[in-house]
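Going by the order they are written in, the chains are A, B, C, D, E, F, G and H; count residues from 1 in each one.
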Amino acid sequence: MVSFQFNGEVREVPEKTDLTRMIELFTLPPKRVAIEVNGEVVRRAQWSFVFVNPQDKIEVVHFVGGG
Amino acid sequence: MVSFQFNGEVREVPEKTDLTRMIELFTLPPKRVAIEVNGEVVRRAQWSFVFVNPQDKIEVVHFVGGG
Amino acid sequence: MVSFQFNGEVREVPEKTDLTRMIELFTLPPKRVAIEVNGEVVRRAQWSFVFVNPQDKIEVVHFVGGG
Amino acid sequence: MVSFQFNGEVREVPEKTDLTRMIELFTLPPKRVAIEVNGEVVRRAQWSFVFVNPQDKIEVVHFVGGG
Amino acid sequence: MGDSFQLADTTFSSRLIIGTGKYRSYDEMKAAHTASGAEMVTVAVNRVPLDGSSESFLDHLDPKMKILPNTAGCYDADHALRTARLAREALDTEWIKLEVIGDPVTLLPDNEQTLEAARVLVKEGFIVLPYFSDDLIMAKKLLDAGCPAVMPLAAPIGSGMGVQNPSNLRIMREQLPDATIIVDAGVGVPSDAAIAMELGADAILMNTAIAESRDPAQMATAMNLAVQAGRLAYLSGRMPKRLYASASSPIEGAIK
Amino acid sequence: MGDSFQLADTTFSSRLIIGTGKYRSYDEMKAAHTASGAEMVTVAVNRVPLDGSSESFLDHLDPKMKILPNTAGCYDADHALRTARLAREALDTEWIKLEVIGDPVTLLPDNEQTLEAARVLVKEGFIVLPYFSDDLIMAKKLLDAGCPAVMPLAAPIGSGMGVQNPSNLRIMREQLPDATIIVDAGVGVPSDAAIAMELGADAILMNTAIAESRDPAQMATAMNLAVQAGRLAYLSGRMPKRLYASASSPIEGAIK
Amino acid sequence: MGDSFQLADTTFSSRLIIGTGKYRSYDEMKAAHTASGAEMVTVAVNRVPLDGSSESFLDHLDPKMKILPNTAGCYDADHALRTARLAREALDTEWIKLEVIGDPVTLLPDNEQTLEAARVLVKEGFIVLPYFSDDLIMAKKLLDAGCPAVMPLAAPIGSGMGVQNPSNLRIMREQLPDATIIVDAGVGVPSDAAIAMELGADAILMNTAIAESRDPAQMATAMNLAVQAGRLAYLSGRMPKRLYASASSPIEGAIK
Amino acid sequence: MGDSFQLADTTFSSRLIIGTGKYRSYDEMKAAHTASGAEMVTVAVNRVPLDGSSESFLDHLDPKMKILPNTAGCYDADHALRTARLAREALDTEWIKLEVIGDPVTLLPDNEQTLEAARVLVKEGFIVLPYFSDDLIMAKKLLDAGCPAVMPLAAPIGSGMGVQNPSNLRIMREQLPDATIIVDAGVGVPSDAAIAMELGADAILMNTAIAESRDPAQMATAMNLAVQAGRLAYLSGRMPKRLYASASSPIEGAIK
């Protein structure tokens, strides 16, 4: 298993998990979210080519009410 | 002639001039004006029965822009 | 006994009680107070000549903190 | 003669004029003024050792009323 | 939009009442009146001139407008009474904006004479709308005298300074919850009108702010909107004021 | 009514921009959005929760609304940059409301970090609308950095205190006649919005004043009206303020 | 420092008049009175209690203080007249602070009854100092009735809100240049007192702002200083207000 | 009276710091300085003229006064640094009032450049007193940079408008309880100074309000008193504000 930081918390995914798969595994909505890996945005088109590595700091954001 | 005060100024009309006639003589608009003689309003219906007397103080008012 | 209103409350004094005596009976401070009987101030010099009568409305005031 | 900028205006002094001499030549008050040559303050103790060079930008300041 | 309000037997859907003075032309006045959405205008009672020039001012008013004659220019109760009676006779209306002023420089109201005149006029059957200073106790007396509404000033007539004493207006609203309060005089800009309405005024009467604007019709539209805005805000209940911030967006959950 | 205004390549006919936070329900939010007439709403960027509860907030917004993501919750330029880039990726929009705050108690802006972030984001092609304090010199720098508008605060976020420093806003308008100025944060009631617009603001962004009202939809209507009223008044030109009265009715000509 | 001012036959060098109510102890009151520099204090007239507890309040006042009895608690002219006469009899003084209030919640003055009482009391030889609302026309009537000064409120009694309507006070000063104007009620902090004096008030009467401070004696000192500061500023003439800056230091002559 | 306050290694018993500009004569300036009670004055650094007229301005200052040179007229950090260094050399003082302005019309501060200059000057051993806008976050940065005090403006230099944003000052005081806050620029009358001090400012720096008064020495006395009054009030704790009255005299116990 690969241990990494997901939105500030430690999480695990199987090895060779790409970002698309990560979204599925965590049952996150795939639309209108964005992913940052180690401080860099990964464009949606690249999700399938980017794998979760140990110690990665991954942020996944969506939108909420704000002012 | 009868000398009287019309709106603060001395004016003259022939003797036996009633208020209706006074309005005509002074070419005032007969509509939407009101007449006061010596501090009392004279209703329009009475105009023909009220004569201008010497020393009368007569006020004739109409409406102008205001706030 | 004579029953009367003292500062809005019913009180009694013996008959023939003058105002000076009333002050004493009620153990009020004699200085810097003023007395009104039935709406009229009674000057201090007259206190001994004015008697409490039945139904009198008597007000005795002094001074308190105010702004 | 050496031509230089004094407080934004072109001025001339003889060659080999040091700052102390410059102050005298221009009849400036020597007290409570400060001199900057080409952007660097020259401490008073150094005035006699620093010469005015062609094209120097010299600023001499004193104090005036302000808020 | 906007709920209606009642004065005597008349229901108004507009809470803006406007004047007819100081316009640069009749056309400008008419355009402003239309734009304002007002249903009642106030007019002054004046001696007719003797030069025969007496054009009929009233013909320039939209016939649908209710006309509210006023006693502007009167310095005591007696002149105000006489003026009100003349207005009633000429226009066949019981409605009168009662205005008794104390001096010609400030045009500030003479509350004492106003009250005296109001008492008489109400007895004579008038519907008396009194202009007065923003004085709670006087408001109570005017209402006790039978006035269907009271008209406290926001600021001196024609000053355009806006509500000078919001506390007085707030107190008046809270202490007289059932009274009809029409703020009369002193409004300069739409925000002034909105402030008065937010404080609970039932309506606003104004003249100069519209007439002296560079574009009276457009300003009249603005005033119409602002009066509605203030009214709706009063009905809706404002958010609490705080010295410190209260986040609109979540404070937790930002990326780290 | 109301003239349009332009931001980057987009023309807005409403000068009211509103938030999406603090509503008691989605229904209340939707009703308020509709009533406001706004054409753009701002939303916050937040970490998705891991409990699978992630409902799609955006589905509750009227699809006709332009969405303006913001960087609320960021305390330095770097976090704001990252947040802006994530928002762009997720929404496929270059628009960003840039908000870098200095502390969590006051939510007051960190102007220095805001400017730094603005410079980078503009270079990256963002349309940057920066929230900042009402500081003329900073406004100039933000405009020089390429922001299409500046968004000075009226008062702290969520405070509802209204325009705390009208002089600053007036000076900003007069010194930057060609700038687009959007007052962001601090409005509490419609009169606050009208005041800002009368001072020359081009638009207002607000959230709490509507969301925390007892009746958000009605308050949104009020705000919509007030923004229009203030705008029209700014265009119309206000009457001069005077300490002393200026009679609306003729002073001469009253009966004697 | 500070010029003197005159009321009837008495010259005061202090322009601060203070109350005697609400102090936590006689010692605190005495310390505050001394610190204030005041030369006159106002006291209330009250029914003596019948429980024999009637301590002599007046013994706690500095004997050098002039005592100004007031008619607080009176709701009509008649009660005020009776109270004034009792006060005169008890203290052998013609001085009276006339206060006729309209209701117990706001303590706002009943101007009409105040004027009626003032007219009677002046005829009876009283030196009448009337508390009333900040109403120019009423001020004129009170002065015409023979009051040696008028005492407009700044704000409701005990509210501490400060001068709520500076325009009214400014207008009163300008229109009544020879009148003695004492602002009575509503001051909360020294700046409030200074504002009133800068507007041209001749003196200030206050109670709660001192008595309810955490440190009444220190606050009394502060009020004493502020009243003097405001007076001196009024005499000195203020600088003009400007929206734009005016450099204090030379703009030319900086190094380049 | 008045407690002392500390700046770097110096203790001041007066909380008023004043300027030296705009006086009509040296005599007027000297009289005002003496009357003000100030212990520190600020002076501008300027190019010496070449016409030989260079009178020594400093000779007209009371030798007991601490002299605080300022960088007025500087538009960027670099010029401010050079000016500060020249001032240090000429006066042998590390004290500098740092002023970097953004434009010559408003004289509003360039906070960014001010911070940059402050960081350098503190490292060079200067005691930096920075003039800046009333921005909490910038205040924190200036303090973090090593400034012993911050000097937020009340209003533009020489405007005399008084404290334009009391909320900002109150928030700054509450959020930075240990900071020394000196309000610099914008005071017009003593009540403005008192307001700033009541809000918790530690001292006030002013120039025009005194120099442009008709009677500068008398106004200086007034300012001295007002600063003390405001300080004492801040220490004493103000009474609570209330919309409604709170009787100073007993409500019960009036005669019936």
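Keep this in mind: a contact is a pair of C-beta atoms (placed from the backbone, for glycine too) under 8 Å apart; a residue touches a chain by one contact, two chains touch by 3 or more.
Here the structure is a predicted model, which is why all the values come from computation and not from measurement.
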item: A-E against A-F, pair bridged by the larger set of C-beta contacts; value: A-F
item: Most widely separated chain from subunit F, with each centre as the mean of CA atoms; value: C
item: Inter-chain centre distance, subunit D versus subunit H - centres from mean C-alpha coordinates, in Å; value: 33
item: Whole-Å separation of chain centres (CA-atom averages), subunit A against subunit H; value: 53
item: Separation of mean Cα positions, subunit F and subunit B [Å, integer]; value: 63
item: Residue numbers of subunit A (touch at least two other chains); value: 7-8, 36, 59, 61, 64-67
item: Residues of subunit H whose C-beta touches two or more other chains; value: 19, 21-22, 44-47, 70, 72, 82-83, 86, 105-106, 108, 156-159, 161, 167, 171, 185, 207-208, 211, 243-244, 248-250, 253, 255-256
item: In contact (per the touch rule at the top): chain pairs; value: A-E, A-F, B-E, B-F, C-G, C-H, D-G, D-H, E-F, E-G, E-H, F-G, F-H, G-H
item: Residues of subunit F touching subunit H in the complex; value: 102-103, 105-106, 108-112, 115, 133, 135-138, 140-141, 155-156, 159, 161, 164-168, 171, 175
item: Contact footprint of subunit D on subunit H as seen in their complex; value: 19-23, 29, 42-48, 50, 52, 54, 56-58, 67, 69-70, 72, 82-83, 85-91, 157-158, 185, 205-208, 211
item: Subunit F-touching residues of subunit B, taken from the complex the two chains share; value: 7-8, 36, 59, 61, 64-67
item: Contact set on subunit E toward subunit F in their complex; value: 1, 19, 21-22, 44-47, 70, 72-74, 79, 82-83, 86, 104-108, 156-161, 188-192, 194-195, 198, 207-209, 211-216, 218-219, 221-226, 228-233, 235-256
item: Touching residues on subunit F, where the partner in the complex is subunit G; value: 167, 170-171, 243-244
